Structure formats: structure tokens, C-alpha cells
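Dropping a structure here in C-alpha cells format, bear with me for questions.
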Amino acid sequence: MPATILLTIALSDFIWIVVGLLVMFTTLSIVVLSLTWLERKVLGRLQLRLGPTRTGPMGLMQPVADALKLILKEDIIPASSDKAIFWAAPIIVVVSAFMIWVTIPGTQSAVIQNLNMGLFYIIAFSVVGILGLVLAGWGSANKYGTLGGLRAAAQLISYEIPIIMVAVSVAMLAQSLDLREIVSAQDEYIFLLVQPLGLVLFFIAGLAEVGRTPFDIYFAESEIVGGPFVEYSGAHWSVFFLAEYINTFAVAALTVILFFGGWSGPGLSGNWEIIWFLFKVYMVIMVIFWIRGTFPRLRIDQLMAFAWKVMVPMSFLSVVMTAVYQFYEWPAWSLTAMSSTALLVVGYLIYKRMTGSTRLVAQVRSRQEALQAQRKAAANAPAGGD
Amino acid sequence: MFNSLKGLVVTLVSTMHGLRAPVTRQYPSTGNLLKRHDEPTPVKDRFMGFPALTWDETVGEPYCTSCMVCIRGCPTQCMSAVMKDNPLFIEEKSTRRKIVDTFEINLNRCILCGICVEVCNFDAIVMTHEHEMSTYNRNGDRVDLSALLEIGQKHQKATDWIPPTKRVKAVTGGDTGTGPAAAEAESK
Amino acid sequence: MAQVSKTTNRNGEPIEMLLNMGPQHPSTHGVFRMVLWVDGEKIVDVEPHIGYLHRGSEKLCEGEQYNQVITLFDRMDYIANFNNEQIYCRAVEKLMGLEVSERSEYIRVILCELNRIASHMLFIATMGLDAGAMTPSMFCFRGRERIQGLFEAVSGARMMHNYFRFGGLKEDVPDDFVPQVRELLELVKADTDESDKLLSFNEIFLARLKGIAVMTAEDAIDYGLTGPCLRASGVDYDVRKAAPYSVYDRLDFDVPIGLDGDCWDRYYLRVQEIYQSIRIVEQALDQLPEGSVESSLGRRLLRPPAGEVYVRAENPRGEIGVYLISDGSDKPYRVKVRPPSFCNLSALKHMLKDCWIADCVVILGALDIVLGEVDR
């Protein structure tokens, strides 16, 4: 008898997990479709274009049409590619992207499997995706692909460190690695208010982690024409695409959970709070699109320099600040002050270092004035024709 | 970082503009899959689309006499023509001794330079506003006399076309006739 | 073989990678091809390959009548059509000793300067795209589109105009030309301002362009650079000032120069040139005289006297020269073009020394080549 009961329990758990995964898969696919539509529409309006308009009202069916096209397209596999690696790479990338979502909660109860080491688990899995990119670059036997894969490895591993350190400082503030507890720790004030530096670091590193502009170095279209994905087509390529957008969504969701108080918001309770959560996540994603529409791309050495010379020290600083604040039990505003001061100082230093743009303008102007003065002084006679 | 923030403001402002009035227009028709409004692509008055032959309404025949001036003037040799005796001239309905028998333009070769119109002594060829003539096969844009006249007549109707030499006559009041001077004066 | 030396890097270790960039690469501005010897991400050597767009324009010119050659010049530098038409028409006019009426000279200058603005706008757009920014390209294309709309109203075509004639123009401009251009200039100024604000001083953009591919004035002169690429290195040389043609001596404008000779200077100089061109057009509109634009030639078949001429002009990309020999027949005996893009491209190897793969896209973009002109 007990054996059957145990079996029933195990089976029901198993069924629950399978159902949960299926729900997750469908939800995320719909989310990705919505994101592709949103990105094209937002970027279109930003650039004074219309974006998709033809398929369905306001082009709403465009992502569906795209997905259908990608699935029906011929899947070209280069003859010289390493077939096994070529096949495995997209699977690794997309599985790791989905695995992250197992533990990201939408509300207090809407989560497939909450882990009390949730944050740790997410960070651990986000590194696995890099392997897929490197393999994709290598396996497709293309030089652009290889360059892209290696760029991806360098970039993603560098930016993993600031992400970890900022996550640690948030975990210290919340005294937990459990995402649900991190959210409930923000009941009083959201962590954005005490750790603005952490937010900026996390957001920038997150952008780099998912390869959004200005950190889209590893598939930079104008340089290495798609990097690791250059040889992929059809369904294989769409898998990468799927993973990329799921990761973008995950970074936005983590930003919201760690710094914007997750699903907490006025007016809603219970599972309806997921509306607040989605609202905040989509707002963050809009900012990502906005940045994509504004900035050029960094160069790989500048990107690495930025990671190791700015991001890593600053993330350590944010951990130290949090630790000091926690150890001496200072009031919350002291951490806010420390954090925002550090942010402003770094921002100013970068501004100074990279441009001194006022200096540049002055330079340009004085150059012009000097030239004009020189011309007037010469008062040269008109030269002849041809 | 401050200049980058300034850039973010610029794009934000342009998004507001884009939401109100994007600069692109839909092509070839406005609306979406469910509701479409077909409207022709607007072109300027002087727009030079594909060349076509004109139709003399008063006599009921083409202006073209197959004199081959345009064919010799064409930089890409995209045209060919054959001349014949004009039956209407024998019946004394027309002043044209010769008339076009066949005329073919390979619009794929045509570079829309307008030289043929410039050199024509008989107002027989015009640059129409037609420019959406893609076909699926390579020789699909070889247009023969009847098609050329059809396109030309459409253009004549749409733009209230007056033969350039007549335009000059109307201005000067004299019968300068055809010829270089008249065609030059065409451009007021 | 010369290539053997390229298979090792500075330390004598073998270089494994030979990267083929182009002719089907999104940022080689057409069908340009570079074979890069790379050491990781660093470029060791480069071998440019041209000729993928070779149409034999110069040879074709020998088989066409004089007035038909204008259409070929339209298609050489297909971003600056009016400028190309003007240089060829000036060559034939000089050969025949033709007088060009005041009005047509002014209209030519207006259209050429507008074309220069359009060309530089396209440059800003592609520069932004090469550096990874998408939005400036849309802003600039909006401005360029407006200018092309005006061209369509004037000449009947947006790009391949065939509008200039020897000693005049094909026909006079439309009646509302002057107010239309004035309105256009305001809009173009606003468009340039917008993309300038968005891109020029952006920190990332500066990081990508400042100090890249520095050319000293000596280097630039040695390589025969002209136009914005030469002026960015601090050489004050502009054909419009050095040997004024058309009515440029009656117009007041500055020639912007750069200080460092790096990619950013090459970029920003063109932004400033747009404002200078706007100034020129404004003055030309004020001075635009009434009169005829008709050519005195009529329509008879043109047979210039035997002889040879060389004329030069300032194109958006640099100094263009046309060498024309006539043997007295109705077709030119020989037409030789000195294309600015081709000559500027010769400095590519020097510029690409010790730079990154990502830089090579930006450097090529800052040279602003048009393959139609390089390969002809």
C-alpha cells in the first residue's frame, strides 16, 4: 500500500512538473513573439518609421508569420561544419535559457520550482549558454563564427563577475538568495533607493550578458555579420533567436525582482500581482529597446577594458559598501548616499576621460576661428580658373 | 556619459514624433491585410518614368513616324522601330507620309535618361509617370507598339498633355513648326 | 611569394587566420573586398581587391556621343550625380570654349551643393551604421529623401538626372524653385542638427572613432588624399577655393579643416561641410539671376574641335578630374577620370596598420568610398 501511495505522489509531482514546464514553454514563446513585435514597433517609431503593418491589425501577426517562415525554411548545414557540435549548440543555448525560468517567480506562488538558492542557480545557469555560443561559432567552421564565439566567451565571462557581485550585495541586503524573499525584503523600500549603483551595474552587465546594444559585439552585424549565428538558418537560427529574447526577458525580470520590488504594487493582490510584475518587466525592456535605438557599438577591447577597469571594481565597491552598511547598522539613507556618490563620480570620470566633449567643441571652434583669421590675414587674391 | 544621456533624450523626442507622424508611407497601398486603400505613388510633374508613344487624337493615329532619331540618340540601344507608308495619308486624312509600323522598347535596358524625348521632332514620345512595371521573366518588359500607345494615352489623359510644338505655337502665335528651335523653346 | 611573410606575426609565430571581408559584407559599402591577415582580433596586413563593380565606364564613353556620356557620368559616383554631370559638362564646355549663362551656373551650383549635402548625409548614416547606431541613418535618410524629392521636381529623376547640358541646362527650374529650396534648407538643417546631437559627441562613438587611423598631413598628401579626408589632416585645400570654378568665387564660405586627422575628424568635418553647403546655397539663391538656361548649341550632333582638356572640381568625396581628348568626331576619343574615391582608397593599407577588425569597418566608412566610382 505505502508503495502505491508513494508512487502516486511521485507521479503527481512528475505530472505537475511536466505541466509546469509546458506552461512555461508556451508562455515564454508567446512572450518572445510579443517582444519581437514590440521591438520592431518601438524601434520603428523611434526612427520615424511605421514598423510592421501588413500582417494582421498593426502587424500583430508579424511574429507568427516570421516564426512560420523560419520553421518552413530550408535548414542549411555547411558541409565543412562539425555536425554534432553544430546541432548541439542551439540546444545548449536554448535549454539554459529555459532553465533559468524554472525558478524565476512571477508572484509569490506563480513559480515552477522555487529554490532557496534561486539567485545562485540562475547565475550558474546563465554561464552555460556561453558554451553554446562558443560551440556554435566553432562548429559552423566559419571564421566570422569563430571570432564571434570567442568574443562571446570573453565578453560574457567578464560581465558575469559584476553580475555576481551585484547579486551578492542584493542578497546581503535581503539576507537571502531566495528570489521570493528578496522581493518581500523590499516591502519597506525597493532596493533601487538604497543601491542605485547596483542597479546601473546590474543593468549594464545584463545588457552585455544578453548581447544587446551597445554590447552586441559578438554578433555585430556590421563587423562579423552575425558572429556565431552566421551559418545558421531556418529552425536552428530561430532557436538562437528564441534564447536571445528569453534571456533579455530574464535580465529584465531579474532587474525588476532585485531592484524594483518584483510584483509588489498597489491595488492588486494574490496572483493578480503578476500584472504589476509584467508591467515593470516590459518597462525595463522598453528601456533596453530605447538604448538599442540610441547607442553605437563598443569595440571588443574597449568592452573588456570597461568590464575590468570600471564594472568589476565598482561592483566590488558596491559589495563593500553594503557590507559596511550592514555591519555598522547605519541608516538606510547612508547607503543611498554612498552608492549614488560612487555612481556620479564614475559617470563624471568616464565623461571626462572619453570626451571632455566641451573641450572637443571648443577645439573645433578655435580651429575654425584660427583658419578664418589666417585667411583674412592673407587676404589672398582670387586664384585663376581651371 | 552626459552626451549619451543627451542622445537618449533625442531619441525619446523622435519617438514622440514617430508616434504622431512617421515620415514613411506605406507602399504600394495603405492600410493592412484586412483593409487596403490603393492609391498611386505620388510623383512630381516632371518625373521621368518609362517612355511611351503618344496618340494623335485629331487624326486617330500615333504621332510617331519611325524616323529613328530617338533610336540613334538612345545611349543604351533599347528601342527599335519599323516604318511603313501611312494609309491615312493616301486617304488624305493625315499629313504624315510615313507612320510607325512596329515599335519596341526594352524597358529593362532603358535608363530613363529622357534623351529620346528631347531629340524627337514629332512630339511622338513622352516620359510617362509609369514606373511600377516589374515582371517575372527576363524579357517581360519588352513593350510593343500597342502597349506603348496604351501607356502613352493613359499619360496623355492623366496630365492633359499638349504637344510641345503646339505649346510653343500657342505662346508665339506663329507657325514655327516642328524642329529644333521649337523643341528647345518647349521649356518655356 | 609576398604572402609568405604575412603568415607570421611580429614574434615570428604563425598566423592561422586569413579573413575574407567582402565582397558580400554588409559594411564594405558595396562590393569591395579586403583580405585581412589577422592575429586574433588585430589586423596584421590587408590586401584590398577592387573591380567587382567594373563596368568599363571610361571605355563606354568612347562609344557614346557627347550628350550620351552625361548619363554614364551620372552612374559613376552614384551618390553625387549632379557634381559628376557638372565636371563632365565643364570639360566639354572648356573644349569648345562655350559660354554658360549666369543663371544656369547658379542653378548648377545650387544643385551640386544640395547633392553634396545629400552625399554627406548618406555618409553620416553609414558611419552610424558602421559604428552600430541605427537611428542616425534614419534621420539622415529623411533629410536625403527631401533633397531627392527636390531633385525629382527639378530634373525628373531622383538620382540619375541627366539634367545638365553643355552650355546650359535641359530646362529651367520649376517656378516655385527658390521658395522650395529655402524651405528645404531649414528642414535639412534641422535634420543635420538632430543626428549631430545624437551621434557626434556620443561617448561610445568618440571611443570608436577618436584616434583611429591617424593620417598626418604629410602622409595624406603623399597618398594623394583629397577632399574631406585630406582636410581632416589639417591641409587647407579645396578646389572650390584653390582654383575657383563656376561661380564659387562669388560665394562666401569656409573650408572646415580637422586637427588630428583621425576618423572622428573625417566624420565631423563632413557634418560641418553640410552647414557650409547650406550657406553656399542660401547665397546662391539670393544672387540667382533671371535669364535663359538654354544652350547655344541647339540640338545638332555635337562635334567639338580636336584637342584635349583637363578640368577638376571638388566632389563630396574629393577632387575629381576629367581628362578629355577629342579627335573632332561626334564621340570622345578618350575620357579619363581621376576619381576621388579610388585615390583615397589607396591610403587604406596605411590606415589599417595595427588596428582591430572592428576598426577596419569604421576606417573604410570614414573614407567614404563609392564603389561605382572606384571601379568605374
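Letters are used for the chains, namely A, B and C, taken in the order the chains are written, and counting of residues starts over at 1 for each.
Note that contacts are C-beta pairs under 8 Å (C-beta built on N, C-alpha and C of every residue); 3 or more make two chains touch, one makes a residue touch a chain.
Values in this document were obtained by computation on a predicted structure and should not be read as measured data.
Trainee: Looking at CA centres, what chain is most distant from subunit A?
Mentor: Checked the centroid distances; the maximum from subunit A is B.
Trainee: When the mean CA coordinate of each chain is compared with the mean CA coordinate of the whole protein, which chain is closest?
Mentor: Chain nearest the overall C-alpha centroid, as shown: C.
Trainee: Using mean C-alpha positions as chain centres, tell me how far subunit A is from subunit C in Å, no decimals.
Mentor: Whole-Å distance between the two chain centres: 40.
Trainee: Roughly how far is subunit B from subunit C, centre to centre by C-alpha average, rounded to an integer in Å?
Mentor: 30
Trainee: Roughly how many whole angstrom separate the Cα centroids of subunit A and subunit B?
Mentor: Comparing mean C-alpha positions, subunit B is 53 Å from subunit A.
Trainee: Could you tell me which residues belong to subunit C and also touch two or more other chains?
Mentor: In subunit C, the residues touching two or more other chains are 135, 139, 142, 198-199, 201-204.
Trainee: Identify all positions of subunit B at which a residue touches two or more other chains, and write them in rising order.
Mentor: 1, 3-4, 7, 10-11, 14, 23
Trainee: When you check subunit A against every other chain, which residues touch at least two of them?
Mentor: Residue numbers touching two or more other chains: 46-49, 293-295, 350-351, 355, 357.
Trainee: Along subunit C, where are the residues that touch subunit B in the complex?
Mentor: Those residues of subunit C that touch subunit B are 64-65, 67-68, 70-72, 135, 139, 142, 145, 149, 152-157, 160, 162, 170-172, 174, 194, 197-199, 201-204, 294, 298-300.
Trainee: In their shared complex, at which residues does subunit B touch subunit C?
Mentor: Checking each residue of subunit B against subunit C gives 1, 3-4, 6-7, 10-11, 14, 23, 43-48, 73, 75, 111-115, 118-119, 127, 180-181, 183-184, 186-188.
Trainee: For subunit A, which residues are in contact with subunit C within the complex?
Mentor: Result: residues 43, 46-49, 143-144, 147, 151, 213-214, 216-217, 220-225, 292-302, 350-351, 354-355, 357, 360-361, 363-364, 367-368, 371-372, 382-386 of subunit A touch subunit C.
Trainee: Spell out the part of subunit C that touches subunit A in their complex, as residue ranges.
Mentor: Those residues of subunit C that touch subunit A are 17, 19-20, 25-27, 41, 90, 94, 128-135, 138-139, 142, 198-199, 201-208, 236, 241-245, 249, 254-259, 268, 272, 310-312, 356-359, 361.
Trainee: For subunit A, which residues are in contact with subunit B within the complex?
Mentor: So the residues of subunit A touching subunit B come out as 42, 44-50, 53-59, 290-291, 293-295, 347, 350-351, 355, 357.
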